[in-house]
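Quick one: the structure is below, and I'll ask about it shortly.
Chain nomenclature is as follows: A, B and C, assigned in order of appearance, with residue numbering initiated at 1 for each chain independently.
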Amino acid sequence: MFLKNLALAGALAGLMGSAAIAADCGPSGHSVRVLGSDFPAIQAVTGTAETNCAANAGEFTITLRDNTRDLMNQALTPNPAEYTSVIVANSTLTQLMNDGLVRPLNDLVEKYGANLRPNQLITIDGDVMAVAFMANSQHLFVRTDILEQAGVEGIPSTVEEVVAAAEAIRAAGIMKHPLVMNMNVGWNVGEVFNLFYFAHGGELFKPGSAEPNVNNETGVAALNSIKSLIEYAHPDHLSQASNETQGLWEAGQAALGIMWGSRGGAILDGEGSTDEITSNTVLAAAPTVAGGAIPAATLWWDGVTIAKNIPDEDAEATFAALASALTADMVAEHNDDAIWLIEGFQPGPAAAGVSATAAGGAKPYPMIPFVNLMHNALGSELVDFYKGDETAEEALADVEAAYTTAAKEAGFLN
Amino acid sequence: MKHRTFFWFILPTLSAMILFIALPIVSVFIQSLFIQHEQVIVESESCGPFGCTPTSSVDTEATAKLREEQPLGRFNGFNTYANRSHLAFAEVGEAWHTTDSLGGFIDAVMDLPFYKALIFTLSYTFVVTPLVIVLGLAIAVGVNKLPKLIKGPSIFVSLLPFLVTPLVGSLILFWMVDGDGIIGATLQLIFDDPSLSIKASTPLMWIMLMVYGVWHTLPFSFITFYAGLQTVPQDILEAARIDGASKWQSMMLVVVPHLMPLVSFVTLMLLMDNFRVFEPIVSFNAQAHATSLSWFIYNDLRESGNPLYASAGATSMLTILGVVILLTPVLIRTWRDFNRKSH
Amino acid sequence: MATKRDTQLSPLAIVTYGAVALWLIIAAFPFLWTFWGSFKVQADFFSKADWTNALYGVNTVRETGGAFTGQGYEGAWVKEEFWKNAINSTVVVFFTVTISLTFGTLGGYALARSGFRYAFWILFAALVFRAMPHITLVSGYLLPFFEWNIWGIKPTTIIVLVAINQPFTLWMLHSFFLNIPKDMDESAMVDGCTRFQAFRYVIIPVMWPGVITTGLFSFLLAYNDFAVTAMLLSEENETIIPAINSFLGSDQVEGSIMFAVAAVVSVTAPLLVLVLFFQRQIVSGLTAGAVKG
């Protein structure tokens, strides 16, 4: 596949001696085995690392698959682990750290991290646990032509303005359901709650404990904000995730959307859509709620970790190889593949939404050990509220009950 | 057959099953009786590209120490089976005391995830299984009556729903039933209701999942019954005809009884497979309206980050128990047959 | 010879033909639709605007200049090298079916010939084993397989597929062997054959129809498997179904859904050939097998 070609390119470059321009690949002859999800930014990072350092390593393999998250913990548990590095995001780093499967990188960063910016380092109590290279978040997508047609001025910046704009579009008879949101039951429903709960200033857990803290006024307010939006969403919204919402957008069936920034590039390219749609699509900051200042979004990063259960030399070689890829040169070559956190990134139109959302002070997705359990409980229990079968309070009480059951089993609560 | 010979013949299959199914079942059962150690949580601060936030993390060293002392975790007995995510005895009891009408009680119980999943699983099983058997038989009879020339192609077309991988088969159907898809749009036209949406309505979603289930498994019962029809003794049919039996009578009195053993076999397999319904729910993004026991296991193992083994184990054991209960009538019949044959 | 009564078009016959015709349309329609749509671009086949786009290919014309495009096929087979997955699948399926049938015939024969009660309990246990949800089993395998360093390779997946398909194979073959008269092998044993020789020289020659039928079902189970193959195979050993799934994309990035559609259409073709080829055996196999069981 794609990887094999890169391997070949890497080997050739190595033979000709031109790859080793400046890359410091650490101790030679050791094993580098990287696991990650399969998308362009990760392909760019791992591919560059391979080009730079495959010749130096005794073994260099890259495994990019869709279900990385489902097997990475088991893969890193044996000693030696199946992989020397896993490329993770906020929530998956938590999953690895819960089982103590990744090592602190402080000394490695000191030795090989000359290219890294300080804000790329993910530290927990001073220990660098991961090195981030790209960012992502949800934000607002807007069709300016349709807003104009409906007589809405400017780009909505609050949920209330989004609702008003949607109403204006509906009233003008342009679209009955002008809004798209990823409301697919499960992970997406949980995530949407997070966005609005954080924007309302909520905290998922009582301070300093694993006790749930969602069944309160803030939680109800968040649910009501969401409800006011989905009033204008496609009737099938509870079965729509990114693929469906992007499809609706590209077919011109929506004028306002809360979608992932990483889909911006795909929406703005001509494929699957018409010029009329792409040229009028603007990526803007996520809206704020109820007069607050926090955009309704969670900020995500993807980054590099190094496994704990491997020989130190392998760890060093792996980190050196990956760090050699996190440079301005790599970004220059793959500028539009992601919203890079690395030096030298030139934000294009596809990055505008995420940049504005981050600048607006959106919260990062929390890295709390039990956050995945809460997320899952939210994802499965809030549906009854959206379907109109339960009140907000009942649904939130169910969330707390489901979370408590799971957290007890996982040992976080007694 | 001598015990010794029997042993050597059965050894390969039995060792494969014991190693890869029986031992895992035992281990899953044991795991379902334990819950994880109390996690040692420490307060900390996490910093990243978006600033610093107070957070907490697991003190893995301290937790590992606990784990070493008791590798399986804390013994919890059957409490996982009784908790809110499973049989929810406490919650059901509370609902019984706090609700004043039977309807209210049922509503309260149906709000519990396990019972919600169970009710869909059972409805699905008991709707799809008989439909697949009856329709499979009807189509088999129909195809059997076709002229020879078109019989072959018909059999082949009938097998198609079974051949296309459910992963993509349901993806395509998912798009077809969309409000903008061919089936969804046609239904809107037929019912003259432009806001009709299958995916937004629980009853319609149930119907769609069941229709898909029937469509996908019909070829299995069809091909089995079609084969069975080839062996119906022609002389008995002839005799019945001479005695003045109508086609319908000879069908019900001769053909169906002849096929009964096949019906048990197909029922056995269908009940079991339908009780474990999972793939359509995920492929149709139907979790908002329908969940099943197998979906539950998936949710515990894959969606909650670090897997909840005890919870998934308990649901798996309850699934096996459910299957055994469902199959009991068919099994009793097999037991009788077995005893009759062996004497 | 067809009698007059058989060929006459009675109202019942018209209803029967009508019902069969309806079924054939329902069975074939999604596949034909997919086949037609596999030559369109995604914006047409999965059109959110108007489903008739899938018929006429409005966006296909706009994007490629023609009403039909081979992009999906080219993408899957050339760009994503889907043929490697096809080879992997061939290997996995071939060995799974062969080993399943070998184990299954031996075990099924023994169960059919043993009159002891434990034979029934083994069959019963096999049913209980079959009731275990595969997803739980697979999650349980992961850690030991990583520990023993046998994760990701084809033999591991093959033996797992064999094991979890054994209950079905065993039941089916058992009922098939019940219908081969006991006298056949027992008279051979009277003539001085051992049990195994009787099996080898008397039973094997007559068992093919049943074995082929069971084999077809094992084939489909192994071929269409996703739960096991998606979790237990490494990238280079990936079979077709997980590969198709990876074309579908994730929450983060858009997939190449048309690659998946084209891949599905192309892998269904060999299945059709296979079914046509074995059609007669499937039917005769089941006839001899499960009917009187």
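Heads up, the rule we're going with is that a contact is a pair of C-beta atoms (placed from the backbone, for glycine too) under 8 Å apart; a residue touches a chain by one contact, two chains touch by 3 or more.
What you are looking at is a predicted structure, and each value in this text was computed from that prediction instead of being measured.
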Most C-beta contact pairs, which chains?
B-C
Most distant chain from subunit A by Cα centroid
C
In terms of CA centres, which chain lies closest to the overall middle?
B
With chain centres defined as C-alpha means, what is the inter-centre distance between subunit A and subunit B in Å?
33
Interchain centroid distance [CA atoms averaged], subunit B/subunit C, Å
18
Whole-angstrom distance, CA centroid of subunit A to CA centroid of subunit C, is 37
Of all residues in subunit C, which are in touch with two or more distinct other chains?
46-49, 245, 248, 257
Hey, what residues on subunit A touch two or more of the other chains?
70, 187, 241, 251, 253
Multi-partner residues of subunit B (each touching 2 or more other chains)
178, 180
Could you pull out which subunit B residues touch subunit A in their complex?
35-39, 41-51, 53, 55-58, 60-61, 63-64, 73-74, 80, 83-85, 91, 111, 113, 178-180, 195, 197, 199-200, 202, 284-289, 291, 299, 302-306, 308, 310-311
Complex contacts: residues of subunit A adjacent to subunit B:
69-70, 73, 91, 94-95, 97-100, 119-125, 132, 135, 184-187, 208, 210, 234-241, 251, 253, 299, 301, 341, 358, 362-364, 366-369, 371-373, 375-376, 379-381, 383-384, 386-387, 390, 398, 401-402, 404-406, 408-412, 414
Subunit A-touching residues of subunit C, taken from the complex the two chains share:
41-43, 46-49, 59, 62-63, 80-81, 84, 142-143, 146-147, 149, 151-152, 230-231, 234-235, 245-246, 248-255, 257
Help me check something: in the complex, which residues belonging to subunit B touch subunit C?
1-3, 5-6, 9-10, 12-14, 16-17, 19-22, 24-25, 27-28, 135, 138-139, 141-143, 145-146, 152, 154-169, 171-173, 175-176, 178, 180-182, 185, 215, 218-219, 223-224, 226-228, 230-231, 247, 258-259, 261-262, 265, 268-269, 272, 275-276, 278-279, 293-294, 297-298, 301, 307, 309, 312-313, 316, 319-320, 323-324, 327, 331, 334-335, 338, 341-343
Partner subunit C, residues of subunit A touching it in the complex:
1, 3, 37-40, 63-67, 70-71, 74-75, 77-78, 82, 136, 182, 187-188, 241-244, 246-248, 250-253, 260, 262-263, 266, 271-274
